[in-house]
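Presented sequentially are two complexes of subunit A, the first with subunit B as partner and the second with subunit C.
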Partner chain A sequence: MSAIEEVNSHFSTFPDFVCQKLQIASESFTFVGLKSLINFPQTMYMVRDPLLTATINNLMVIDVFAGLGQPISVQSETIIAEIMDGMLVAIHDASGMGVSIYPVPQPNSRTISLPTMENSIGGATSSFNENLESNITLLRSHLNCPELQVKAYNFGGNVKSRVILCYMEETIDPILLDNLTQKLESNQDLEIATMKELSLILDFSRYSFVTHYMTYELPQNAVRAIKNGKAVLFIERMPFAIVLPSIFSDLFMSEDDMNHPPIYAWLLRSLRFIGTLTTLILPGLYVALVSVNPDVLRFELAHSIARSRLDVPYPAIIEALLLLCILELIMEAIIRLPNSIGPTITMVGGIVLGQAVVEAKLVSNLLIIILAATTIANAAVVGFQNTYALRLFKYLLLFLSAFLGVLGLLSGLLILCAYVAGIRTLGVPYLQLIRAKGDSYE
Partner chain B sequence: MNKSLQVSTTYILTHLGLIFFLYPIDVIDSTNEAHWMPVMLGFLFHILIIAVYMKGLSYFKGQNIVSILLKKSKWLAWIVLLPALLYLLWIMVLAVRAFSEVLSIAILSNTPLWILMMLFLIVPGFMILHGQIGGLLRLSVLLSFLFVTPVIFVMATSFQNIDWHYLFPLWPGDKPLRFVTHFSFYKSLFAYTGGFLLLGFLPSYAEYKPKAIYWGSLLLLPAYLISVYIPVLTLGEETARQLQFPYLFIVDTVEINWLMFDRINVFLLLGLVAFGMFFISVTIWQIQCVIRLGMKDIQPNYLVPGIIALIFAVCLFIPDWQTTDQLFQKNTALRLYVAIVTPVFLLIVGWLHAKKSTYGLKKT
Partner chain C sequence: MKKRILVCMVFVILLGGCWDNKDINHRALPIAMGISYQQGNYEVFLDIPTVSDKNEGIQVISAKGDTISAAVNKISMNMESQVDLLHLKVLIVDKAFATLGLSEITASTIRSRHISPKTMFVICDEPLDQFFKGINNMKNGDGKEIYDFFQKNSGWNPEIAHTPVWKVFRSIHSYTNDVVLPIIKSGESTAIQSMGSGILRNGKMVSRLSNEQTLLYNVFDGNSLDGKIEVMGKATVQIVSSRIHNESKFVNNQPVLNSTLHLKVIIMDVIGVPSIEVIKTELQTLLRRILDQIFKKMERANADIFGIGQHYREDLPRTELAEWRTKYLPQAKINLEVKTTIRNTGNLKLK
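Showing the complex of A and B:
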């Protein structure tokens, strides 16, 4: 059985497999490919045109044919692999010569469009999508310089996925680059389809509370990161750029700030910093002041808080946990609901959190205000991966406050600071501003 | 990589945590008038020892004190290192015990003391185990960013009730240096010698400019002066003398209308507690350095909990504040020995080393 027949039988049950004969003058050619990946009419037009021109001008058809694409060996495995990669394979029937042609592909992604998870107020709004090539295009158009390095890696054994690493030679920290390329090169047999698998390949701790990478949909954010000495990864079918490593200032600084006057940029960043502190401290402070250290408060205030809690039958920590639990449930529930049902949850949640719990004397008025402020402040940080850490950390402070009052709150804050100060990603300490500088010791 | 900022903030924070508790009363005890003299003399002493210490260290680029001394002579090294180790353990016990006592008096009167002591050991232990020295250095920057503002705010507001007349006389009548014969003066020196040993333990990657340390200690000078002068200026010298923690008492009397908090000394206390925990973790790290480099290289994961358990056990054996105070007094001689002998010894060793190597160079 010839190679082409083997290929035919391999794809015999595929509805999108096309095997087409083409006769040009006295030569006949066979074209095979998958029409789900290849736009056949256009590709055939593209291929036939040079061959026809060759016959009219009395050139050697076979030479023109060889120049259409990459010559390949005519074996069934090679041909199948090329077809699966989305290439058009052409075979000259008489000589048995095979060529793999880059076809007009079927569109398989969204067009470049607005970001779905990020907002840009003053800058460009076209965002990365699932197509690796168009992501590189976007990156290049924002960072048009010869120093931009783009390296491709192929991951996976049976299921292949491509990963592209971009960085700038002169800005990237050498320790970071060493660690990163070494980890990427030594784990190429593993599959990458999710961020978890990426974390596994890059050897991040499973028990890390703080994200080691940032994901950006907007190319200008990725470009800023590259300029600041970070590395950017693109994974096939992931609609964002993965920026390594994430550092402390990623919580507060966004590329979008650069489009505002500097004073406002700094004010906005300070606001985010205050938001971070608020969301961490406020619930704990409430519990500490109500249950352990009421004497710290001004008498009038302590009195009014105590009066509002008069009918609440349980300690402040239970009260806070109860309401926080409902808040977390609302936030989680709203993510996966269709847009038509989402408002219902908001409304029901609003009723529950608004007046009903207070009137039922389940929680105090002040707590509602505090938890609302906490939730709002939580969203003020840049990047939704960072909000997870803040959401979790506030519970540590809450429990410590219930146990030791304001001292517990302080200890919690110290533990957090120490935790943040001790984290390293690929040899780069987390606690840094702007430039990601690595240090090899420790 | 230059880490002047980190080293400098570490240096400032470790000292700042010690100043406001016992230092004021010791200085007030040591003299009746012109308190700036003991403060300035102590400060000059401090500058002198760090200058000698850093000069000694500069002869050995990028090495820490333990390896420098052990390389020279084992016996001589332990004459310096053993007292230093004992001193570090001792001040750690005192720090843990004193901080817990102060907090217990000020904000947590119902909490058993051992819980507070445990907290003062576990949190610093975590700081060390999670980040090691690199983490600590970075942490110092974050902590100073977060907690220096409230401390400065409280320091500024504590001027509320002062009477500048108490400032005089600026120059004491007779025998201006009489305070040097008073024991309290030597006791007060602990606020200057608490953290200076750290400079000798820093690893080679933490390069710093000596200038940064001098600037850092200069920033500390107002804190020393304020902690002594605010009680004196508010209450007068005679009254201030009666208090156990004069500065904290004064801050407690400050009244700010627009603040929702009644007791602003809580801010000061919490800020100082943060610095105190940082000081304890730095001390644990120094102890760990001496043990790992000088005796046996034990994994920090076992060594640090071991040190913590030891300190905790010792702390449990201290029954009351009197005993703590006695321990603190007994510590004075050892402290002076460590503060004077270590830098001078290091300078001599360094000088000899430099001489030898230039002699060796000439010979070749």
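Showing the complex of A and C:
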């Protein structure tokens, strides 16, 4: 059985498989490909044109045919792999020569459009999408200098996916680059389709609470990261750039700040810092002050808090957990709801539940205010990956405050500082500002 | 490692004692505590603002006991919530008790750690049960008057002495420092009425100052304030800033203190048409007269309320310093010079 017959039988049940004969003068060719990946009419037109011209001008058709693309060995496995990769495979029937031709592809991605997860107030608004090539195009148009290095890696055994690594030779930290390329090169047999698989390849701890990477939809953010000595990864079908490593300042600094006057940029960053502290401390502080250390409060405040908690049946920690649980549920529920139903949940959750829960004397008024402030402050941080860590850490502080009061709150903050100080991503410590500099720790 | 973390967590939970925490609405937060002493028995009054929706009134609860903590415990036992003295702002003793001596209760207050050392110490000019009945009057307001009365950002006035518990404790154990405590009683048209202040020596009340003298005491003691002084029949001035410069020396084994008091005042009222110079000189003689009165009282009572002895600590050995109040203070010569600047005369001009 010839190779082409084997290919035909392999694809026999595929509805999008095309095997087409083409007769040019006395030579006959077989073209095979998947029409779901290839725009066939245009591709055939593109292929036939040079062959016809060759016959008219009495050139060797076979030479022109060989120049259409990459010569491949005619074996069924090679042909199948090329077809699955979206290439058009052409075989000269008489000589059995095979060529893999880059075709006119079927459009398989949205066009470059507005970001869906990020917002830009002062800068460009075109965002990365699922198409690797257009992502590189966007990156290059924002950083059109010859120093930009672009390296491609192929991952996966059965399921293939391409990963592109971009960085600038003179700015990137050598330790980071060494670690990164070594990890990428040694794990090329693994599949990479999700961020979890990427974390596995890059050897990140499974029990890490703080994100090791940032994802950006806006190219200017990725470019800023490259300029600051970080590496950017693009994975096929991932509509964002993965910036490695993430450092402490990523919580507060955004490229968009650079489009504002410096004073306002710094004020905005301080605001985000205050937001971080607020969302971490406030629920714990409430519990500490209400149930363990009321002596810290001014008398007037203590009296009015006592009044607002008059008929509340639960201790402060239960009260706070109850409402926090509902808030987490609302935040989680709203992600997957269609846009048309989302506002209903907000209204029911915010107004109806909030009001009713106070009137039913399940929680105190003050707690509603505090938890609202906490949730709002949580969103002030740059990058949604970072909000997860803050959402979790506030529970640590909450429990410690319930046990040990203000002292517990303080020791909780100390534990957090120690934890954050110990994080390293690919040899780069987490606690750094602006430049990601590696140290020789690992 | 994991085991160690687990052990730590268990200890945090077990040793935290979180089940003993009482929420703020299950604690009674008294703002004032009255203590009287009769025949070896303490009677404690607690002034607890009621926590209710309508936010009305106070609750006055009293109990007797051999010690203060025994009496407080008795109240806590009989109340529906736990008494938490950490928010206590005013400690009131009656005059008889103050004359008898406050060193014991000051020591127990500092020792117990349940009462903040910043709590104000106050002497009451009438029996405590009567006083608490007086301020527990609904028409007086929400029951927190006693707290507001001594708050510098609300009801406090420069005519009222301002002495926290730690200063009393210091005066008891110091050779060279005494304090004055405010004296109050329940008023007729207001909840509380200031009755001047009492001079405390080693924790015992030995003499009294009037309201006017207390104002001058506060000025000379260096508390920044904006008290108003009436210059006999001529004008009323308001003190806007005061500064004291002291020079201490020994002359013939007799302490001499040269004090210069710089006052900046503004004129509030004038009667007739006095000139600025007249007001100035009148003010200076008036201040000197009142302060001389205070110094006389001080010498008679052997109580160093201005802490004059502080300036001589380096000149005297400790054995001599122990006799500061009795041996040196009565001989002390204080040369006071008052320099006043009239900063402005209001919107009207004076000749």
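Note that the second predicted complex is superposed on the first by the 438 of 442 C-alpha atoms of A that agree within 3 Å, B and C clash if a C-alpha of one lies under 4 Å from a C-alpha of the other, contacts with A are read in each partner's own complex, and residues count from 1 in each chain.
By our rule, a contact is a pair of C-beta atoms (placed from the backbone, for glycine too) under 8 Å apart; a residue touches a chain by one contact, two chains touch by 3 or more.
Note that this is a predicted model, so its numbers are computed, not measured.
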Following superposition onto subunit A, is the placement of subunit B relative to subunit C best described as a clash or a fit? fit
In the superposed arrangement, which partner chain does A:A402 touch: subunit B (first), subunit C (second), both, or neither? second
State whether A:A418 touches subunit B only (first), subunit C only (second), both chains, or neither. first
For A:L410 in the superposed arrangement: first (subunit B), second (subunit C), both or neither? first
Looking at A:F299 after the superposition, I want to know if it touches subunit B, subunit C, both of them or none. Which is it: first, second, both, neither? both
Scan A:P429 for contacts with subunit B and subunit C and give back first, second, both or neither. first
By the touch definition at the top of the document, which applies to A:I263: first (subunit B), second (subunit C), both, or neither? neither
Enter the shortest inter-chain Cα distance between subunit B and subunit C once the structures share a common frame, rounded to whole Å. 5
Subunit B and subunit C footprints on subunit A, overlapping residues: 292, 295, 299, 404-405
Within their complex, subunit B touches subunit A through residues 1, 103, 107-108, 111, 115-116, 119, 123, 126-127, 130-136, 138-139, 141-143, 146, 203, 205, 259-263, 266, 270, 273-274, 277
Touching subunit C in the complex, subunit A uses residues 289-292, 294-295, 299, 302-303, 305-307, 309-310, 312, 315-317, 400, 402-405, 408
In the complex, the residues of subunit C that touch subunit A are 12-13, 16, 18, 21-25, 27, 29, 31, 49, 51-53, 55, 84, 86-87, 89, 116, 144, 147
Please give the residue numbers of subunit A that touch subunit B in the complex, ascending. 292-293, 295-299, 301, 404-407, 410-411, 413-415, 417-422, 429, 431, 437, 439, 441-442
